[in-house]
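Residue numbering begins at 1 within each chain, and the chains themselves are lettered A, B, C and D in the order written.
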Amino acid sequence: MAGNTFGKNFTVTTWGESHGPAIGAVIDGCPAGLSLSEEDIQPMLDRRHGTDGTNSRQEKDNVKILSGVLEGKTLGTPISLLIGNTDAHSSDYDDLKEVYRPGHADYTYDVKYGIRDWRGGGRSSGRETASRIAAGAVAIKILNELGITISSQTTRNNELPASGDSVGGSVEISVKGMPAGIGEPVFEKLDAELSKGIMSIGAVKAVEIGCGAKVASMTGSTCNDGFILASTESLPEEDSLRKEEILTNAGKAGSHYITKKTNHAGGILGGISDGDEIILRAFFKPTPSISSKQQTVDAFGHETEIEISGRHDSCIAQKGAVAAEAMTALTIVDLLFENMHSKMSAVSDFYK
Amino acid sequence: MAGNTFGKNFTVTTWGESHGPAIGAVIDGCPAGLSLSEEDIQPMLDRRHGTDGTNSRQEKDNVKILSGVLEGKTLGTPISLLIGNTDAHSSDYDDLKEVYRPGHADYTYDVKYGIRDWRGGGRSSGRETASRIAAGAVAIKILNELGITISSQTTRNNELPASGDSVGGSVEISVKGMPAGIGEPVFEKLDAELSKGIMSIGAVKAVEIGCGAKVASMTGSTCNDGFILASTESLPEEDSLRKEEILTNAGKAGSHYITKKTNHAGGILGGISDGDEIILRAFFKPTPSISSKQQTVDAFGHETEIEISGRHDSCIAQKGAVAAEAMTALTIVDLLFENMHSKMSAVSDFYK
Amino acid sequence: MAGNTFGKNFTVTTWGESHGPAIGAVIDGCPAGLSLSEEDIQPMLDRRHGTDGTNSRQEKDNVKILSGVLEGKTLGTPISLLIGNTDAHSSDYDDLKEVYRPGHADYTYDVKYGIRDWRGGGRSSGRETASRIAAGAVAIKILNELGITISSQTTRNNELPASGDSVGGSVEISVKGMPAGIGEPVFEKLDAELSKGIMSIGAVKAVEIGCGAKVASMTGSTCNDGFILASTESLPEEDSLRKEEILTNAGKAGSHYITKKTNHAGGILGGISDGDEIILRAFFKPTPSISSKQQTVDAFGHETEIEISGRHDSCIAQKGAVAAEAMTALTIVDLLFENMHSKMSAVSDFYK
Amino acid sequence: MAGNTFGKNFTVTTWGESHGPAIGAVIDGCPAGLSLSEEDIQPMLDRRHGTDGTNSRQEKDNVKILSGVLEGKTLGTPISLLIGNTDAHSSDYDDLKEVYRPGHADYTYDVKYGIRDWRGGGRSSGRETASRIAAGAVAIKILNELGITISSQTTRNNELPASGDSVGGSVEISVKGMPAGIGEPVFEKLDAELSKGIMSIGAVKAVEIGCGAKVASMTGSTCNDGFILASTESLPEEDSLRKEEILTNAGKAGSHYITKKTNHAGGILGGISDGDEIILRAFFKPTPSISSKQQTVDAFGHETEIEISGRHDSCIAQKGAVAAEAMTALTIVDLLFENMHSKMSAVSDFYK
């Protein structure tokens, strides 16, 4: 495909330009019988929208479910999600119609397509993430049913930008309650698919798993996580749901389960989850839309200067954290389904 | 798929266990009429094999082309590549049959599949990279035909490991001669697909594009790369082939072309190549196989200790660099093909 | 995916239940720069809707383009198409909520999903074809730009059904102006992909290419189509656009081109188009919704009888013809794009 | 992909030219823990090879498993199958190097690729089916474990071809023990995927499901299969394994199960299996290689005549039946896996 679909078993196709009539997503492969309503999705869109003053676009993103749900339950058919574009100020962009904004995709879209929607960044706008976040909320609903939770912590580096400037930031994602055995070896490793998902968020320029880049300066004896046995009694309260799974996975160990004394690996070994907490980090560049003067070139090949007005977050990472949670959830649900036919005994049990 | 195929238009499927009779790869989607012989592939396998003393496995990997080539030209049909396993010392692994090596995939494979090939790591062995490197050499051949070149530089962090220990390292990949416009927006961004490809190499724990993690502590005014016009006269000699393309892309600029005064973005804007050098970095963990004693657990759920003998590189990054070049090439070729139908005018020109 | 997406390069994802708020389709991979508006799509929906009295559902299907088009040109981004459900009479289906209609998917959906939308057949309704027809109209627009045209002829077998009964029918599709070389060998043969597309239309139970089932009773000497040379002068007027292509394909033959003296093959040899007219046939079962009394079983496992009221076509094949044209167009566009990187020389020409 | 891979969850990639050193297949997605050896595959290759005098190529096709199996059990990793080409008589084809054989893919390959392997048909040879049959044997092994069996019956139409001529034929495939609920609605219907698989076999020109083309001349009241209840006591002996599944599917019916009084649908309703026998038919054209004189054109654009010598089956349908069984098995296994995550309750049960 031309890149607007994510996933193989639980797929999301997003569509829409920032200042068109609407944006949206279609989920295919959501299992039937999941409780789902707009109330499950709206809070995550509200988190993206922000209440911390970073977003000056006032519209609230209201999501509508157009298909795939009947009387509060998913049907197993595609779930079409629609979000109207109600607060687009296209005129803010009139001056930018034929100028290439630094740090943006204006130039590359023009080269690739020979045409671009200049209104608010069009398809390359950060607004697209609302679609994937809406779909991600459905994935999170599925994960929660299975006792898997995702959280994130944002670090806004360089706290105080000068006037008219912006700052970068980073996000750490944690996944708890993850069963061991998830991820396909070789090319569709759990960490490889997570990296793709996270790096597909507009402003991300680096992704780390576990200790990340630090591993390059470690030695094997410090980096390796030794396996140990732990008593199921010692499991944290929130992992009580995991006990049964843990015991199943490592049944040979009786009332103990196999775990690692450290987690430098970030919960992934050989591309497959090891049952430990999954830890990954995303690094976001500063918002490229800044109001201070910048040197650039226009579509006619003339050098020029640009000052970008309009409403822009001073740091993308806050919204980015919500998008990163969504991509993490979408990736994990996809691989959870894939894993269901890894063993012949599981297939036989299902169809017996 | 269950993860052993990479790519959509130029696909590679690898197969084989470290100590089985052979390993190999099948390429589907290689265009017809490319000059190709085993001599195009062998040097890259030799680079992986190493002549710097890091590899104590003595076998040389000889590749055979079993299909898809006739009289030195590709046929457009699948190219099957076979590499024999001639120097496997399975008995080295007898003691490891039922013990989970720290930092390895033994435990996760056992959980996922209920069975694993314990001989030399089986499918999870670094040996698998020989298959993808062989396929990558074909991708590089295609790129070279188009004037695109890939190089890498390895940094072996922590130069001197203690006896019985290993060290991590990092690799920087550079792609020169890249046309602008490559990469699909949203989920199949060039950087997203590169990240997936690079992170799918066994020991990689972090991937960076351009300035990478540093962007998180930059401001917009320093991170944004301003667009400028440059005279085609000033193009470096090695880019002379690019001139025509550059002029085409930015034809409106007359004898000048559009470029950026800096390249913090690493040659990718909005997921699409901008015509600049592509720069990415991969961070490799230390070789997990170390001979010093380690704490672990066996498959019966008993705590135990392990000392890993056998032949192992003290730093994976050297071989990893070759694998990273291969994955970069495979990703780019795949997206070069995808891009050919981005514009209706290109489709019309092709079929007129 | 779970089956709601068709194609690889030009993909269509359809969504929506018959009596939900709307149905729709998302096209990904449409090239940028194609002239497109709702007026290009609406006529094909109107043809489906019918003016021949076979359809008693009165709503007209009005399509809206929600994304991917700016000022009458496609942007290269996803095209979201929306069709409201304005004339749904769900109450007609109250009695059918827990009864399995013979010839319908009620029972199989219930087994597969444990839940189903009983209102008008839900997702399994023939109404879904409106979505794929809307997307197919875009594919036809592309084909027409390339000089390729699709037409169909419907045969309504058993012309006069008894009161309360329905009849089957067949459709013959013809594709003219098709370039040679389209279709991928082995599993993605042009005829294989066409068969999948056509057979995915609800009521189709057989597909034929060229002479179809008759080939089984032919001999090689009568079935083989001998190759001949024809003067480009003798080309039918409507094929004048093809001349250039034909000469290119068979340039060695001077002012003549290579063709076949007969076309038993239906324009496809070895899964690849041969430049001749493509001919295929689809056979539709009678509309399963009939008003005469039928024996069946309900969801509680009781035998019962059913009389289906409501508004139903007496013959599906008329609407089916429009759907078959759409699926043919979607298949061919997808493979036209795929073919663009079959030769290294074509790739080199594109990127030189 | 460029068409040499089949399936999504259980994928098969075939490779190899008829007169190259070998042909083969790589299976990805075979569950771990299946008993498998070359003895499971060889008999199906022997059936293809034929003992009925239709095949004059003397080589026996010996398959070797190069990966994915350890000590008689599948590992969950790719299974690489290799079949040597030991009896290739390339010199038989010297005269055909630059002549387009009627009914063959010589001309279309030349147009598409600008190059072709003229030795024995190269990639377009019927020999490719040996690869897919080998992979199909693995799929059949999986089906048999689940109590699903496939059989076929070949009708050789026009029994006695004239000397130097060939005849067509048809094959009917039956699948017994099929669970209900298999197949994805809309585009990946069970019948759509089966049609693609069957039509991808070289000489097939028509595919039918259930009553096939006859439905076009039926009425709804005769074509619809009424649902009935049957006592599980009355199940045929060979379906005893199905009883539990049947009762589960239709548990509400107590000791009875839901079935149909007729099976015009061929076991598929709305693209989903209904638990009944699956019936499909494939129609094969006569072997295009005939020794009697034929009119044709050469690659230089000259009209010429051709007499094809060498060893050719007089009827393809016998070998075709084995290929059709293989494609049926590959399709069904793929969709059986897909179905495992159709219900949220199944996902929850798996991961609880």
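Just so it is clear, contacts are C-beta pairs under 8 Å (C-beta built on N, C-alpha and C of every residue); 3 or more make two chains touch, one makes a residue touch a chain.
Quantities reported herein were computed from a predicted structural model and do not represent experimental measurements.
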Fitting subunit A to subunit D on CA atoms, where both chains share a sequence, rotation angle to nearest 5 degrees: 180
Pair of chains joined by more contacts [C-beta pairs], A-B or B-D: A-B
Centroid spacing, where centroids are CA-atom means, of subunit A and subunit D in whole angstrom: 40
Geometric centre distance via CA averages, subunit D-subunit B, whole Å: 35
Euclidean distance of C-alpha centroids - subunit A vs subunit B, Å: 24
Sequence positions of subunit A contacting 2 or more other chains: 1-5, 8-9, 14, 29, 32-33, 76-77, 112-114, 123, 185, 338, 342-343, 345
Residue ranges of subunit D touching subunit C (in the complex, touch as defined): 1-6, 8, 14, 100, 102-105, 107-109, 111-114, 123-124, 128, 155, 157-158, 161-162, 165-170, 180-189, 191-200, 202, 205-213, 215-221, 223-229, 249-250, 252-254, 256, 258, 260-261, 265-266, 269-275, 283-290, 292, 294-297, 299-303, 317, 338-339, 342-343, 345
Subunit B to subunit C touching residues, read off their complex: 8-9, 29, 31-34, 74, 76-77, 142, 145-146, 179, 185, 244-245, 336-338, 340-348, 350-352
Subunit C-facing residues of subunit A, complex: 1-5, 8-9, 11, 13-17, 20-24, 26, 28-29, 32-33, 64, 66-68, 70, 73, 75-80, 112-117, 122-123
